[in-house]
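Would you mind keeping the following structure in view while I ask a few things?
Chain nomenclature is as follows: A, B, C and D, assigned in order of appearance, with residue numbering initiated at 1 for each chain independently.
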Amino acid sequence: MIVILKHGVTDEKRDQLIRWFESQGLGVDISKGEFQTILGLIGDVLSLDTDMIESLDIVQAIRRVTEPFKRCNRKFQPEDSIISAGDTLIGGGNFGIFAGPSSLESEEQVISIAKSLKASGANVLIGGAVNPRVTSYIIQEQNLREIGYLVSAKRATGMPVAKEILSVEDVPRYEDIDILLVGERNMTNYPLLAELGSMQKPVILKRSVSATLEELLMAAEYVMAGGNKNIILCERGIRTFSDYTKATLDIAAIPLLKELSHLPVIADASRSTGLGRLTGPVSKAICAAGADGLIIDVHNDPPHSAFNGNQAVTVESFASIAADISRIHEVITK
Amino acid sequence: MIVILKHGVTDEKRDQLIRWFESQGLGVDISKGEFQTILGLIGDVLSLDTDMIESLDIVQAIRRVTEPFKRCNRKFQPEDSIISAGDTLIGGGNFGIFAGPSSLESEEQVISIAKSLKASGANVLIGGAVNPRVTSYIIQEQNLREIGYLVSAKRATGMPVAKEILSVEDVPRYEDIDILLVGERNMTNYPLLAELGSMQKPVILKRSVSATLEELLMAAEYVMAGGNKNIILCERGIRTFSDYTKATLDIAAIPLLKELSHLPVIADASRSTGLGRLTGPVSKAICAAGADGLIIDVHNDPPHSAFNGNQAVTVESFASIAADISRIHEVITK
Amino acid sequence: MIVILKHGVTDEKRDQLIRWFESQGLGVDISKGEFQTILGLIGDVLSLDTDMIESLDIVQAIRRVTEPFKRCNRKFQPEDSIISAGDTLIGGGNFGIFAGPSSLESEEQVISIAKSLKASGANVLIGGAVNPRVTSYIIQEQNLREIGYLVSAKRATGMPVAKEILSVEDVPRYEDIDILLVGERNMTNYPLLAELGSMQKPVILKRSVSATLEELLMAAEYVMAGGNKNIILCERGIRTFSDYTKATLDIAAIPLLKELSHLPVIADASRSTGLGRLTGPVSKAICAAGADGLIIDVHNDPPHSAFNGNQAVTVESFASIAADISRIHEVITK
Amino acid sequence: MIVILKHGVTDEKRDQLIRWFESQGLGVDISKGEFQTILGLIGDVLSLDTDMIESLDIVQAIRRVTEPFKRCNRKFQPEDSIISAGDTLIGGGNFGIFAGPSSLESEEQVISIAKSLKASGANVLIGGAVNPRVTSYIIQEQNLREIGYLVSAKRATGMPVAKEILSVEDVPRYEDIDILLVGERNMTNYPLLAELGSMQKPVILKRSVSATLEELLMAAEYVMAGGNKNIILCERGIRTFSDYTKATLDIAAIPLLKELSHLPVIADASRSTGLGRLTGPVSKAICAAGADGLIIDVHNDPPHSAFNGNQAVTVESFASIAADISRIHEVITK
């Protein structure tokens, strides 16, 4: 951390600040420039309150020289993390295809889709979506029903299952769900993150549509601080002025996150654009960019699905996309 | 609502769709163009699933011709809503100055600040902020302590008090808080919105940093659907590429929201920039743009506050800002 | 085009407006709803001044139902356009790899790089960049020197050459350049677009960092209105809040532009991120998303290049990237 | 400037880099941390090629500690710059009201509007707009006609006149125009900036819709490097996801630019939203935020103006807005 002092600060005030840093266990190097004096702080600066330091009378600005995240930082763990759920591995060269319907309508439908998906190469069944237009009570009832469908499909196919979780209260209800998904709206829901941090279950952490990469990594850090290292980072599109799609998939975030962190990085090929007809090209791009997996919304009959029909692809389209992805993954990892 | 059919749709398929709309209680006007056939839907289209319609084979696109919100729409209530809390009125020409510290440190501190603020013209005491870096348990304990400070200050000054609420579980603990604030991160926390909709307590609803105006108004609509009409809309800055400030205050949102809705509209002068030294000019701009009030972070000793020190102004600065605001409000409403 | 009239408009005023539309050669269908009357305009509405119509007293809003661009619209030409430059074809299944150094330093350097690039699979040599920090006179002199290097490399390798053009005055100097590139800053430089529209030389039109897809297509339309149909659209990243990279590559823009238009669509793998170490993954993603080509900044010695060193890759890296791209292109077009 | 070296760099390589910096006339302070070695550069670092330095093998990152602009920096000139045009002063407490029609239709119309504007408090007549949909030849002809109208109105009223300039070639034609406006699309048109830098005429420099404040100030720096210090900075709205208005006026940019620079700062109240009915509230906000002036689009008959009718206000509305602004300016400068 670099602390830049204001022009004209007295030696006394400067030394007082230096003594305060030293009392926090930090070493301080002083560098005097023509216009500014700069203090270089040496040691563990992560717990410093940078806002407070920046507001001090004698401080002009501070600049970080190391990333503010540690546990998920690749500098401190060069090798890839590998997350396992059932027989599926994700990360470290293992590619995870998370597929399934937003709209879970019956046990029969879910099992039938799951079988097709497995046959085409999916290795995690993911399902469900939040319909906010109904009361909490109905949401909860529907949620339990959907969990039941997924668990039946898991029994029928052996695939691990993933589902979005919305609140701390829901945790016990998700006992049989193998991977918990934190949606973009909950990326900074700290009570939920803390609860998930106290478990060992794999967590998919989605980037908020308005979060920088650093903010996403800080959220992962928060979960990991509780002891859970099984985090999968998920890019799902950010909000920009570009208005043909629901969000703008930040494709370069994939190699960047992999550079910054050892955690597996996946992306959501369906929700980033909201348009099923773009799922094919976008999925292949995600794979080619070096992701460790991706999420695809698949439905047996998209135009007649209860919702998000515009966003899902058919099981036939999925099979074709998965085949291409498998060949692209081979090309880039050969 | 306008439904644009694809080029080359058969008369049979078109008539089938028309019959379906009619079965939903809608009237349908048909307009044939050179390249397209357009259906104009007449009646209550708000409950239609537009995503589903747009995904139908024969539909090219849909266009709304009326806003999707109704209860907060000025078209259906031309006169301004006025919200009351204690002796304070907000809206309809009544200007609300919500002031107080992010950092609530002791009963004594809060009462002392509250007295100064009241003397300078504030009419709601607002306080507290969320420090996400601590455990839920500590947050809850701290929250109860902070509520205690605010209630004491309310007794000492007679000012109504406002505080951010984070979850449904907290509602009973906020019994003595007069105005509940929904922060930008919770604008789409539907369980919380539903709970607040079932009460009659005034609610400040902050725009998410990534929400359009329509999305903010749809969130207000969701609360109002529960029966609570006491909503105050709050602009607090959106996330953009402009990086000198934490967010970009969307100043034109103030007159636009007032045009679209009858609800009072305020803005947060402190959190939008995150820089206390900009609070003066930004507060005056908010007032001059026609807002019904504003929020200002005020602290007795900003550089030594527990956090957000960079963002708060002193009680002396507040007094000077409030005096200017009062004169500007006179100019624009004379 | 749909014109929505205000509530309560008199029949007389409405009929007056209808007569005016009819006098412009348009047919008008009237649709009366519960709250609004809607006019559906039939015929060529592209030349209507929509701003003017929207500002009329009796008009509430207008909604377009067809895209405002025509010549580049795939609706009016379903088959892909194919652009040729020398022996290179771009579009319709032909993949164009535009590679070369931003920093053109000597005839020897450029010829040597060009030979390597050709051997590795590049089919257009692209070079040069604008250093705005020098006077116009120096820019012009340097430009002429750079054109000389490129033309020599073209003679030595047979590859067609591409270079950014900055002004109408430069057109004669670019006689031996095969493909003219319009940079993102000039996407709405109408005098330059008009001049290029009057020629038949291929033009790469880069999307401005703040342009929607529609705005890019309207710029293409403007060039094509002059008679030049040899336009290549180029996505190069948009400006967003995401700050790890210079811009955010809008990967979904590639399939979207190909859906909306018959023109070839390429993307700039280097300038979108500004980081050479991301060129590999980003290039592969661009290819996998279905682009007709891409631009890569390649330099013999990036750390010692005159500028943009941070952005270029070595000729060795390029060879490896090009090999992967060729295999990915095979996968998605098999 | 701070240069952060990579972990594990050899002393030899480090010393080699230090000697290179010293050969550029810079002093170098070395600060060794636990994980990094940091070099603090002392002296004039503005001309260093930071991209090149950042791409060196041994460098992890660089951080600037001073702003990269100098001539327009308030640190080097604490007192406000005051720009004069005719009898009008702008900056240093002098408020400039730039008003006039986008649509200049006849000498009579322009003179009549100018007289009204002057009577209501405007002190600069500004006029014209670019209609890109016509050929360059027509633009030039129309431009000359419009300059004629403005010059006639200047003679009739004594007001200085301002008009947008599009290219270096136009400079001689603008001899009688007192203030040259560089539009947002030309903020980085370096040949034009260089030409204006060689004159002494006042220049309004508009921020591009995708420019950061630093980029705007760097453009001002570029003009000033040529010797022209008469620059007025103009905020005109940035491109964001918020879609009710054409752009989002960055109101906090006004106090920030005034803090960073000694140049006068104005804002465009009309083009930022594109909606005439918001001009009143937005203009008052601009003034209240501490701007040195503002631009307002005024037309005698907005609904029948040749274009931009949706954006202009009537002369009557202008009179009322100007009266409020004058009172608000009094409040904030008393």
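We take it that contacts are C-beta pairs under 8 Å (C-beta built on N, C-alpha and C of every residue); 3 or more make two chains touch, one makes a residue touch a chain.
Everything numeric here is computed off the predicted structure, so don't read it as measured data.
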item	value
B-D or C-D, whichever has more C-beta pairs in contact	B-D
Most distant chain from chain D by Cα centroid	A
Centre-to-centre distance between chain D and chain B (centres being mean Cα positions), rounded to whole Å	32
Euclidean distance of C-alpha centroids - chain A vs chain D, Å	39
Whole-Å separation of chain centres (CA-atom averages), chain C against chain D	28
Where chain B touches two or more other chains, by residue	210, 239-241, 243
Sites on chain C touched by chain B in the complex	2, 4, 27, 29, 31-36, 38, 40-43, 61, 63, 65-66, 75, 239-241, 243
Chain D-facing residues of chain C, complex	49, 51-52, 54-57, 130, 132-133, 135-136, 139, 166-167, 185, 188-191, 194, 208-210, 222, 239, 276, 302-303, 305, 307-311
Touching residues (chain side chain B, partner chain D) in the complex	210, 212-213, 238, 240-245, 248-256, 259, 272-273, 277-278, 280-282, 284-290, 324, 327-328, 331-332
